[in-house]
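Chain naming follows the written order as A, B, C and D, and within any one chain the residues start at number 1.
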Amino acid sequence: MIEEFKNIINILARPYIMFPAMIVAFIFIFPATDGLMKINRRLGLYKLWTNNGGIAIFAFLFLGFGFGLTDPNFRAIVTKPDNVPIVGLIFLVVFFLWFALKQAWENDEREAKGLRPNEAEDAKENILVWPDLVYIEFIAMLLISALLIVWAIVLKAPLEQPANPTVSPNPSKAPWYFLGLQEMLVYFDPWIAGVLFPTVIMLGFMCIPFIDNNRKGLGYYSFNSRKMAISIFLFFWLILWIFLIITGTFLRGPNWNFFGPFEYWDVHKLEALTNINLSEVVYMILLNQRLPDNILLREIWGILALLGYFTLTPLILAKTFLKNVYNRLGPLRYSIFIIFMLLAASLPIKMFLRWIFNIKYIVAIPEFFLNI
Amino acid sequence: MTETKPSTPSSNPTPVPQPPTMDRRTFIKWSAVGWAAFAAVIGGYGTMIVRYLFPNVLFEPKQEFRAGLPEEYQVGEVSERWKDAYGTWIVRDSEKIYALATICTHLGCTPNWMQNEAKFKCPCHGSGFYMTGIHFEGPAPRPLERYRIFLSDDGEIVVDKTRKFQQEKGEWSDPESFVTV
Amino acid sequence: MGVDERHYNIEKLNKIFAIASLTLLTGVGLLFYNDYSRKWKDYQGEYQNLEIEKTRVKLDDENAKLKDDAEFIKLQEDLQKAKANFADQCSPAKLQDIAKANEGINSHSEILKQQYRVIKAQLDTAKFHYEEIAAKGHGDVKVAEIRYKSLEQRTKQLNQRIQNDDNKFANNKKTIDDCSQTVRDLERNERALTQKSTILDRKLKKIDPNEMSLTNRIANLVRNLPVIDLANPTVKVQQIVLKDIHDDLNFMTMPKVDRCTTCHLGIANPDYKDAAQPLRTHPNLELYLSKDSAHPIESFGCTTCHEGSGRATDFVTAAHTPSSEKQEHEWKKKYNWAEQHHWDKPMYATPYVEAGCFKCHSGQTTIKGAEKLNLGLQLIERAGCYACHSIDKYKDWPKPGPNLEHLASKSTAEWTYRWIADPKSFRHNTWMPSYFNQSNNSDPESKARSQQEIHAIVHYLFAESSEFKMKSMPQPGDATKGEELVASIGCFGCHNIDHSQKKMTRDRTMLTKEQGPNLIGFGTKTSKIWLYEWLKNPQRYHPETRMPDLRLTDNEAADIAAFLSKDTNESFNNQPIAPINDKIVDDLVRGFLQKSLSEVETEAKLPKMSRDQKLQFAGQKLIAQYGCYSCHDIKGFKGYKPIGVDLTEEGSKSTDKFDFGFVKIEHSKQAWFTQKLRDPRIFDEKKIKTPDEKLRMPNYNFSEKEAEAITTALLGFVKDKPGKSKPRTPENLAIERGEQIVREFNCQGCHIIEHEGGAIKDSISDWLVKYQGKDKSEVDTIIKTFSPPNLNGIGKKVQSQWLFEFIHKPEIVRPWLKVRMPTYSFNAAHLNSLLKYFNALDKEEFPFTEHANTTLTPTELIAAQKMFSPDYFDCTKCHIVGNQMPSGSQETWAPNLALAGKRLKPEWVIDWIKNPTAIDPATKMPTFFDPQNFSESGPPDIFDGDENEQIRVLRNYIMSISTLPPQPISMPTATLTTNPAATAEQSK
Amino acid sequence: MSDQPNALAKFLDWLSKTQVAKAIFRTGIPKNRRQRMTVMLNNVFLHLHPVRLPKHAVKIKYTWCMGGLSFFVFLVLTVTGILLMFYYRPTVEYAYGDIVDLREQVPLGIMREIHRWGAHLMVITVWLHMFRVFMTGSYKPPREFNWIIGVVLLVLTMLMSFTGYLLPWDQLAIWAITVGSNMAGATPILGAAGPGSNLLALGDVNFVTSASDARFAMLGGRFVGEGALLRFYVLHCIGLPFIIMIFMIIHFWRVRKDGGISGPV
């Protein structure tokens, strides 16, 4: 019975199930538009951000972990010293997410009633920094020091065999905070996953204050007045950042194969490498002929698709779904915004293409190390 | 810096005691020269740092070795000459010479070449590979890897272990993965 | 001031700023230039130009050769014909169709293969999945199985189709190939013939700008520009990192790094033999640097042997050492050369370059190829430097001088006085060095003192001399007979008789003849009876002597004694002996007394001593001071330590530890050593010293060449031991030990061992001319027969047991030889070492235990006797068998076959009969079996002409011949000890 | 007993009035409002803070204290890092053994654990700080520039952690860095395995090779070896801390200059 249950979890945890599920849930939990907000309200999902909701979330988390720890495979992965921070990260992120949104929804409700946010009430009064702030900071330092010391005593820092450049461990993993990038390597070439995306992420983050021209919600927690910004941010932050790290750390085993949380990391596990390039799909499967020798001719379909993606989509979106956004941001801001969005969206798109059509590369020019 | 603004002289009717030496153009010239030179200096510093990052000599263990002339290898022979020193088999078939890594793709043991059965056999878990490196028995998931191989200026074979070619990725057709003889 | 609140004129400031910026920019530019301009880059440019030139010449040569190569011309004709034929026979249009069809198949199969890859991957996964589910028991096994099976089925089908395609393709290809077979074969031959030129051409295209495309030419210029040279320069620092050879960094070591090849680019390239430095090829590439040599550059680098600073990339900092003052001036001018005071190991100057060999090859006695070093080492051995200066290599060597404990029975006090005062005046080439009348003690005062010192020493020696019993001689001796004996029995292996006063530089062959003293002036030095006793048993007078016992009969000994004592040295006898001067003797004694007593005590004690007591006392102190006991056994000096500096690590001593005094020479180790060897007392020059403070090292009168050789050896005595030349296997150790014994006892004076030695040959040919009446030309052909045997290959040839017994107690193998194998006072350890040595040299098993079956069936015996008989090989024509002498003349005589059974190794006999010249090219043994036509060479009527069988049977016969009664061999002191089992068997 | 606090208070009072105490602590014990204000102004460490704050800004509920904690953990890492340098030699021969020794025999070698877990913690606190700043909309004008600085600091934090990851020189370290640095090798144009690397070539001469690309400059070698260890060590201990410190100074300075901690307008 329990085995069956674990098996189901293992299957559910597979990226091609888990990931779409999370995206769907995300859309409703963090509604980006008024329409979605209505659905959210109707489903009562907002109740997650109340004290009871918090208790429920944490009860679920703790129960889940508690149950998981009874399984040796799960235990082995989760209690590996270098993975402990990620477990902590899960709890902290969930907690602070709940904590932030709870305050945000409270403020939203106040706003709906025509009141100013809680912070504004507080801000009416000024306080001398000595001793209140200095003191709590001091206490925080003490607590965090104590935490570090206890942590250091309980968990030894990992130290494996001496470095051996000829024997690579299987799997070889980057430091955990880069595992999101490494996970992307499954779907993209290193120059995209390892160079282009980090650069874009950095630039994108830096651009946030300049793209988001919504003046509301400064200096207090809120959701409703900036739901678009928050939803997009949380999508990156929670799904494309934290969730990918968790996948990379806990669910990727030997040969970078996927393993469910309760699955044994069997080196022999095989995953069918049945991926093919777009050009092969077009020429070999659809047209039933050989690949052309001319590179440009061979890859023209992929190149067209890419061009279309980056030129047509913004135009269409500006006229349809994102009309409001376009109006609010103006052409320059909108262009920058949409390029970042499309780049970001390319990851889930590529994932789906892989899962559904076994597409390896849209454009594959190994002659120039250029694979997209 | 009022002088730099083109509007200043007209907007400032009170005569300012200015040294009557340089006209505006010489002034701009000097300042431009100065800043250009300064920019060049900064560029020079930057270049210096970049160049500094690339050492002139390396102390890395050699990843490349010379394996003698192609004539030293018989057609159909798997040479074990460089197995111990460089972890490489040099194989010559009727058309080409290639270098196989002596690392089993299963768990990394070193297989043995069985001359009589014409196959590589891994002693750890029994994976078997043909002379080409293709796996045909045992748990090995993929063929043996090949190293980059080329002829030096004086006709000697050079094997470069920094680059590997994997059959399952279709890399064995890469012209650097073999030497035609 | 002013409305702008300013002090400076902004325009002026701008100007100053511009100037400041420009100044800094110039500085940065200079910085880049300074970093970029290096002398070694010029050398590399030079090398590249030379490479282009040389490659072009080679290519032209190769092409010219090809042009004239008949084979190549024919091949090209054939090829043309074949191509024409090809067009005729295999209608190209049809082939094109086939090729086209193949292309179609190919594209078809490519798609199939794509599908196959996908399905195969799925199959593998399905298989794993099926296995996993079946093993763990959860999930639906059936479904998994069905999926697996169906996939397997599909894979098989696909595979079938692919194979069909492949077969079709292969068939088509074969059709094409078959047609073009001849053309392709010929083309391959052409490729093989033109390979050299192709390679050269390719190389030239890579390095010669004239052969390059424009972009490559630009790239070649650009890649070496500053900053851009980070990427892929052609001009770059070359280095060799030696993982196994370490530099000593005081208490720790680091792998050696040599960058010498950055400038010395042609060092391992044989094309640069005549190039100017630094590009010139290293001499003797067969031994050094090349990949197959004993010292490949990749594993030895440069500074391992040459010293110097390997990491340097500049001429001066590399610590090059000039080999002469002239060169030094040249270098100073050309390179701004200066001595590197902060690098302790400068390069060996060219004359002393062999010093570098010693640090690895210290265990060897002779180091092949290092002639100067060998001479230096041999001189050190012969001169006995190790007696006063301890040297690790020679710690087991005997004292070089004779025993003086019974001196009174050998010589007179007068002779001894004159001898010590000036040994060279008695024997011009003696190895006894001169202590007196040297540069620091030849002023009148010192001279007077020296005379009294000699008196004291002589007094001590004679007073302490104990009795040596001498019997009377059987007869007065015949000097003429003695002279012939000396010439014939082999004395000249170790001695010579040389009256010429010529000063000459000794070479290594000469040194083997100076193993013992020059046999002149004995009439003056000693008595006939002493000589007689000495010749009869040298060990009795001097237990440690290396002089062997030649088993002389009483008469022979008397004859030789008579001959030797005939030679006198009258001028030596006429040298004056100064009278004893009591005042000076008192001074001497006073001086020594004051070292342990106060002045008052000294003055009180001195008058109480008699003259004899004084001389005895001073003599004893002087022998200690001069270290006479180091070389000679003298009563009362047992356990005294050697007086000289330890030389084991002399080459590693830093230059500042040497006292150059006021002598104006170059401040380098080699200069100091050379100066010291030329004149050991030179560094006392212009110094004020009391007599006992003066330098004491005696003068050996080394020639310049000898001094240089010894200096080379001394420079090689270094601290660091990068490794031994050969692995420390028992065999290699045995060889080292054996070589040492061979050198110590001068075996190579008579025998050729390891292709060296045998100088006695000259004196034997003199003997043949003088006493046997042969003429010179005849002598050359027979000399080998009358010389001691060549011992190359002895380990393969003779049985160890026999050799052991033979060396211990020689028996007669070659009765026609006059020269005798002496009996040495070897102990069992010596003998075993020698046997191991000879066997190890020939890579033979030791101890030799396995014996081939040498029994004969009756038919074989008959056949063997037939072959042995005069009708066939006529063995007894030359070979002695037992007591039966051969029928031929003495010049052709060969060893006693009756000894073969116990003497020779059976396998060797086979090899020997088969082809004697292969073993010894100069042998007189006829070659009965023609190696060119072996299967037809034997007598056809024996064993149906089976040569191998014939040889085997003949061997077995020879091994069984014995007409001598078996002799019991008495071995009281020595037995073979290496293999107890073998010993046990023997004793049965 | 009842006298004691009085006596202690008196003693402290006296102590705070001595010339030494006054020379060091200008303000004395902050008792009244003026003193509470001047203590913040006069102390070099405390003057990072403003004197007065709106009440919400003091509440943990609002700030989560993540920024402050990030800085504090950074200080902890600095101190433990400096101490670790006393026992650690960044060479291939010694590095691993020194780490083993920290575990086995160095007094309070647990410093390494604190350093490692502190590093992980800092990454987390920095992320959460960023999360909080976003959720309260604090990046909005006038704080745009400080947000950018913040992003730079976040990247630097991860680089610090990344460079430190190699130093134990064990399998975990070199392979994590190998995986991480291989990505640099895929840099377009400048990485040997990146797209367009063969464009930077003239004729047969390739200028971007595995011995002259971005990855090589980072590692000081063609693979993670001696050069990489030393480079990462220097970056980890000197280079990046130096840069991060500069950015931190700007960050803190701008917090104050941009109107203090964010709050509702």
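In this text, a contact is a pair of C-beta atoms (placed from the backbone, for glycine too) under 8 Å apart; a residue touches a chain by one contact, two chains touch by 3 or more.
Note that the structure is a prediction, hence the values are computed from the model and not measured.
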{"item": "Chain centroid nearest the full-protein CA centroid", "value": "B"}
{"item": "Pair of chains joined by more contacts [C-beta pairs], A-C or B-C", "value": "B-C"}
{"item": "Far-end chain from chain D, centres as C-alpha averages", "value": "C"}
{"item": "Gap in Å, rounded to a whole number, between the CA centres of chain C and chain B", "value": "44"}
{"item": "Geometric centre distance via CA averages, chain C-chain A, whole Å", "value": "73"}
{"item": "Chain A and chain B: spacing of chain centres that average the CA atoms, whole Å", "value": "34"}
{"item": "Centroid distance [mean C-alpha coordinates] between chain D and chain A, Å", "value": "25"}
{"item": "Residues of chain A touching at least two other chains", "value": "167, 268, 270, 273"}
{"item": "Where chain B touches two or more other chains at once, by residue number", "value": "50, 54, 59, 141"}
{"item": "Residues within chain C bordering two or more other chains", "value": "124, 206, 230-231"}
{"item": "Partner chain D, residues of chain B touching it in the complex", "value": "50, 53-55, 58-60, 63, 162"}
{"item": "Residue ranges of chain D touching chain C (in the complex, touch as defined)", "value": "201-209, 211-212"}
{"item": "Parts of chain C lying in touch with chain A, wherever the complex brings them together", "value": "106-107, 110-111, 114, 117-118, 121-122, 124-125, 127-128, 132, 138-139"}
{"item": "Residues of chain D defined as touching chain A within the complex", "value": "30, 33, 36-37, 39-40, 46, 49-62, 64-65, 68-69, 72-73, 76, 92, 96, 99-100, 103, 110, 112-114, 116-118, 120-121, 123-124, 127-128, 131-132, 134-141, 143-144, 147-148, 151, 154-155, 158, 161-162, 165, 168-176, 178-180, 182-188, 191, 193-199, 223-225, 262-265"}
{"item": "In the complex with chain D, residue positions of chain C that touch it", "value": "206, 212-213, 215-220, 222-223, 228, 230-232"}
